[in-house]
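Two complexes come next, and they have one chain in common, chain A, joined by chain B in the first and chain C in the second.
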Partner chain A sequence: MFADLNLRKRWAAVTMPLREQLRRIPTLSYLVGLFAAVVLEQAVGKDFAQNVLDFRRLPRFFGIVDIFEPFGNLDFSGVLAPFFPSPTGLTQTPVQDAGNAIGQLVTDFVNALFYQGPRDPGFFSVFLRVLVYDVVVFVIPTLVVALLVGWLLTHLLRGLPGWLIVALNVAALYTVVALWGGDGGTRELTLVYMGINIMLAVSLNLVNGYMGEFSVGHAGFMAVGAYVSSILTMWFFTDTTIFEGAPLVATDSGVVLVVGFVVALVAGGVAAALAGLLVAFPSFRTRGDYLAIVTLAVNFIVQGVLNNIEVVGGARGLNGVPLWSDLQWVMILTIISVIIIYNLVNSTYGKGIIAIREDEIAADLMGVHTRQVKLVAFLVSSFIAGMAGGLFAHALAYVNPGMFGILKSTEALVMVYLGGMGSISGSVLAAVIFTLLVEALRPLAILKWVVIPLILIFLMLFRPQGLFGFREIKFNLRGGESAAAAQEAGDGTA
Partner chain B sequence: MALLEIDNLTHYFGGLRAVGDFNLHLEEGELVGLIGPNGAGKTTVFNLVTGAYKASEGSIRLNGAELVGKPPYVINGMGISRTFQTIRLWNSMTVLDNIKVAHHGRVKYNLLDMFLVLPRYRESEREIEAHAMELLRLFKLERHAHEPARNLPYGEQRRVEIVRAMASQPRLLLLDEPAAGMNPGEIGSLMEFIHWIRDEFKLTIWLIEHQMRLVMNICERIKVLDFGETIAEGTPAEIQNDRKVIEAYLGEEVEGV
Partner chain C sequence: MDATFIQQFFNALQLGSLYALIALGYTMVYGVLLLINFAHGDIFMFGAFMGVLGSWVFGWGFVPTLILSMLATALLGVTVERVAYKPLRAASRLSAVITALAVGLLLENGMLALTGADPRKYPDDFFATQVYQIGSVSISTVKLLVIILAFALFVALFLFVRRTKWGMAMRAISYDKFAVPLMGVSQDRIISLTFAIGTGLGAAAGILWGVAYPASLDTYMGMLVGWKAFIAAVVGGIGDIRGAVIGGMILGFVEIFVPYWGQGIGVSSTWRDPVAFALLLIILVIRPTGIFGVARRQKV
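Right, the complex of A and B next:
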């Protein structure tokens, strides 16, 4: 016990100068480092993975998707099936059969952990090799390059205006993600979902975290945006049997298509914002649990309406939505959404939203036009959800009302509470983690929906405020003294 | 013309007449007290004046402009600001943010300016921040500017509430039991503080208070409410010897005891 503590202390002491150095270099240097790592992966990653680490292919998403694959063979169906009638009739010995199935399951599980054949390594083997791959290809190159350019960047960034530094960081992030993820395959698709999830989480956080209401029907707004934008793009640009066959605008001109997509997405957002009025107006008179029920009702109303409009396919949905949501579109709109929400909640006007959460009556009496502020919060939130819905439809090429039910709303809620109320960076991080988790646990099939809620229960037990409740991740944009150190110094002089 | 004119103000909660036939004219620069036993309707009068409740009958005019029926934020913008009986700061926000949000009426940008951080937005935000910091400096609270409001000691929170009320540059300040929970020493400095605010900002102050020492010492005029009805009005000396007031506070004398 004590020896362990000592070791940790010694380790902390040894790495102290390095960690201090890492804290001092500007965020941009990490992005440059990441860029170098991505280039490295593209150059030698495949060779390294296949020849040195004996992977069959490039580890997917830093190997996260590969780790749980060994568990994909587990078959839980045998445990309960003997107790239910099957086409061959009820088995004579259900308890015994179930026992056998459990025994098999345990054996399979142990095999999955260690070894299940020459072509199927176990969990530990995959995990270790993924760790080696990530450290060698990503962590070490990123840190080394970051340290190398850190000093230089600190000097280059000195004297630049704040907005330019932010812009540089955003551009660097965009470049790295585009370079790493723009493969047109699963990587890109996962990143597309990730961006859409970020938009959903951040926009929902505006209402649930910053304003302190409890909206449980966010997917309803997403549905409105998805349908409106899909109808517009299909009607104008595609050969569809639903809307009178030939496209209204038959063009291959890139500019027209881009403008068309933007208009369709914005129209979807506006339509979703109008649907948001259905929640905003009741919010003037009621709040808390009662408003939560209103949001739930709006979600069901939207779904119900879509289910019953035959022109848009009813419950079957719309098929043949053009596949336009690529990584670029999603990234740009995600960045814009995050910036909009960030600027809103950091302005004096937007802080009125937080004042409403803290004490609405006081806000009203101290000059905050609470109705207008609530209206703005709901409109912005549902507008962004609508845009996310539009992107979602154009990423799947298909929408139906069933996608936008209470389950989707719950996913958005999970991300908000995982990341922490009233924290934009928390929501972004949570959306990233959640998307990866859904991908990583895909091999577990239906068991995924046992594991993810379990994670949520443990989170609520041990960290009820979420990862970053009411705090933001601090970025050391300018480099030099770390943010924490600077704050300490500031407190000392005050 | 008086700054604030309240005529025949009456308010019902259901069948209960919470305030009945309340009349008061406040002259510019006056310091007036409103006292009465618990439940007399004092805070209800403040809530009616600031627009939290809509008066059932009567009129309230500020410089001749009718206030009844206007929403609270408009009344706040017209120049009436207040503090609360129990502290109602926005707890998780910093002290500076508390003051800044109270500047809502002065926000001079639209949503687009804000989303794109255009010059108009930056200019307006700078102005608001400068004004908020200046207020905090005047009230010697600038060292707490970046602390969450809930971390401040009770007395300081009360001061922050007053600063927040000053943010909208009111002409009339309503203080609802400013001395609640304070010890005699603190009440002494509070009295000086209230005088200082009035002179420094050329304000009219109207306060509710149970601490007789404070009321009798600083108010120029006092109005006494009981069960929603005005039972006395006058200078502190007159109020102290008013039979009805003594009865309201201490109960009626019983014959033959």
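Right, the complex of A and C next:
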């Protein structure tokens, strides 16, 4: 026990200078380090994974998609099925059957942990090899390069204006992600979902976190945006049987297509914002749980109406939406959305939004034009949700009303509360974690939706304010002293 | 009044009673804890599934199965409250709501994972249906059972809340939850009781729903029904028992009569849901706290 404590202390003491150093280097150097790691992975990653670590292919998404795969063929359904039988599945010996099912399950589980066959080595083996792969290919190169360039960057960044440093960081992030994820395959698709989820979480956080309302129908706005933009792009640019066959604008010109997509996405956002008025106007009189119902009802109404419009396919949905949402589009729009929300809530005007959360009547008395502020918040929030919907439709090449139900709204809520209400970086991080979690747990099929709620319940029980509460993640943009220390010194303007 | 109208009237009464029974679960919990128990729709599902256990595995008749289901589901409801909601009473209300959403997802998907997706229904002799002919109107015993049992439960609940000491304690907690423990009444016990009654009524609704609509028994049955009943509770004025009954009835009647009258003017029956929700939206805009709800005055 004591020896253990001593070891930990000694470890802390030994690594102290290193950790201090890592804290002092600017954020940009980590991005440069990541860039080096990504280049390294592209050069030797595949050889290393297949020849040294005996993977069948490159580990997917840092290996997180691979580690839960051994559990994919666990079947829990025999455990309670004998007690809740269908007329055909009736059994005379339910207890015995359930016992057998549990026994089988335990065997399967042990096999999944350790060994399933010569080519399926089980969870522990995969987990260890993924760990080795990530540390060797990503963690060590990133840290080494970051330390190497850290000193240099600290000097280079000195004296640059804050906005330029932020821009440099964003550009570096963009480059790294585009280089690592632009494979046109599952990596890219996962990153596209991630960006869309970030947009959803951040825009919902504006209403639920900063304004303190409880909107539970965010997917409704997403649906409006998805449908309007899909209809526009299909009508104008594709050969479809739904809208009179031939495209209205027959062109191969890239510029026209880009402008067309932007216009379609913005139109989707505007339409979603108009739908947002359905919530904004009732919010003048209705508050709290009653407003939650209004948003819920709007979600159901949007879904129901789309189900009933035959031109857009009714419940079958729209097929043949052009596949235009690639990583670049999603990243650019995600970054723009985050910047818009960040600047809005940190502006003087945005203080009005927060004032409404704290006390609406007091805010009104202090001269906040509460109705106008609410209107703006709902419009901005639903506009971004609509854009996210448009991107979503053009990433899947298909939309139907069933995609935009309460489950989708719940996902958005989960991301906001996971990250913490009133924390934009929290929402972004939560959207990243949530997307990765969904991907990692995909092999578990239905169990995925057992594990995710369990995680959420435990999170709420032990950290009800979410991961970040009302705080933001601090970045050490300039390097040198840590950001917190710099702020204490009265220098924290970045 | 022609025969189909009367028939539809009874259909609406049946559907409305079921919504109202579920809405009562939302409204009672809300009245005491100010918590929207989003897991309630899935608790309703659990009640219906306990009916499968009682009827097929134990081979019991309707009444014992109903009692088993209500008791088992009440136990589940109390457990959920103790494990998941009680630790969050001091936290912000929204984290409790998110927990409730998660509990709901856990129940419906956990049930699916543990029992499989085979279609289920109650045995044919579970509730022997007879059809009475009155003139040209035919009414089945199932419909009468649902309506009469639901109304019996409403009256019993209303009397319980108005006339007994336990009911008085419940009303007292929703009125001032800090003063009640000072009067020597255990807050925890009253909250558990509220959950037991609310979820028990949900279980009754689940069994009746399975009898009335035999094709609907699956683990996701509580999702849409639960949300609709919740909206019904809010339209009636959440926290008020009469409100839940009236709200459920309004929803039932709208859902039955929109397609019925819609036929004549060429509106297909699939417009039922959007029209119902739009109507509820309008009611909420006109009366922001629901029909029986009282606006909480905010002191400045």
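By definition in this document, the second predicted complex is superposed on the first by the 468 of 494 C-alpha atoms of A that agree within 3 Å, B and C clash if a C-alpha of one lies under 4 Å from a C-alpha of the other, contacts with A are read in each partner's own complex, and residues count from 1 in each chain.
The definition used in the following text is that contacts are C-beta pairs under 8 Å (C-beta built on N, C-alpha and C of every residue); 3 or more make two chains touch, one makes a residue touch a chain.
Predicted, not measured: the structure shown is a model, and the values here were computed from it.
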A:355 contacts which: chain B (first), chain C (second), both, neither? first
If you stack the two complexes on chain A, which partner ends up touching A:347: first (chain B), second (chain C), both, or neither? first
Based on the superposed arrangement, let me know which partner A:414 touches: chain B (first), chain C (second), both, or neither? second
Just checking: does A:367 make contact with chain B only, chain C only, both, or neither of them? Give me first, second, both or neither. first
If you stack the two complexes on chain A, which partner ends up touching A:80: first (chain B), second (chain C), both, or neither? second
Need the overlap of the two footprints on chain A, from chain B and from chain C, as residue ranges. 361-362, 365
What does chain B use to touch chain A in their complex? 50-52, 71-73, 76-77, 81-82, 84, 88-93, 97, 100-105, 107, 109, 111, 114-117, 121, 124-125, 128, 143, 164-165, 167-168
Taking the complex as given, what residues does chain A use to touch chain B? 163, 339-340, 343-344, 347-352, 354-355, 358-359, 361-370, 376, 470, 494
For the chain A and chain C complex, residues of the former touching the latter: 76-90, 94, 208, 214, 278, 281-282, 285-287, 289-290, 292-294, 296-298, 300-301, 304-305, 307-308, 361-362, 365, 406, 410, 413-414, 417, 421, 446-447, 449-450, 452-454, 456-457, 460-461, 464-465
Parts of chain C lying in touch with chain A, wherever the complex brings them together: 30, 36, 49, 52-53, 56-57, 84, 87-88, 91-92, 94-99, 101-106, 109-121, 123, 223, 227, 230-231, 234-235, 238, 268, 270-271, 273-274, 277-278, 280-281, 284-285, 288-290, 293, 298, 300
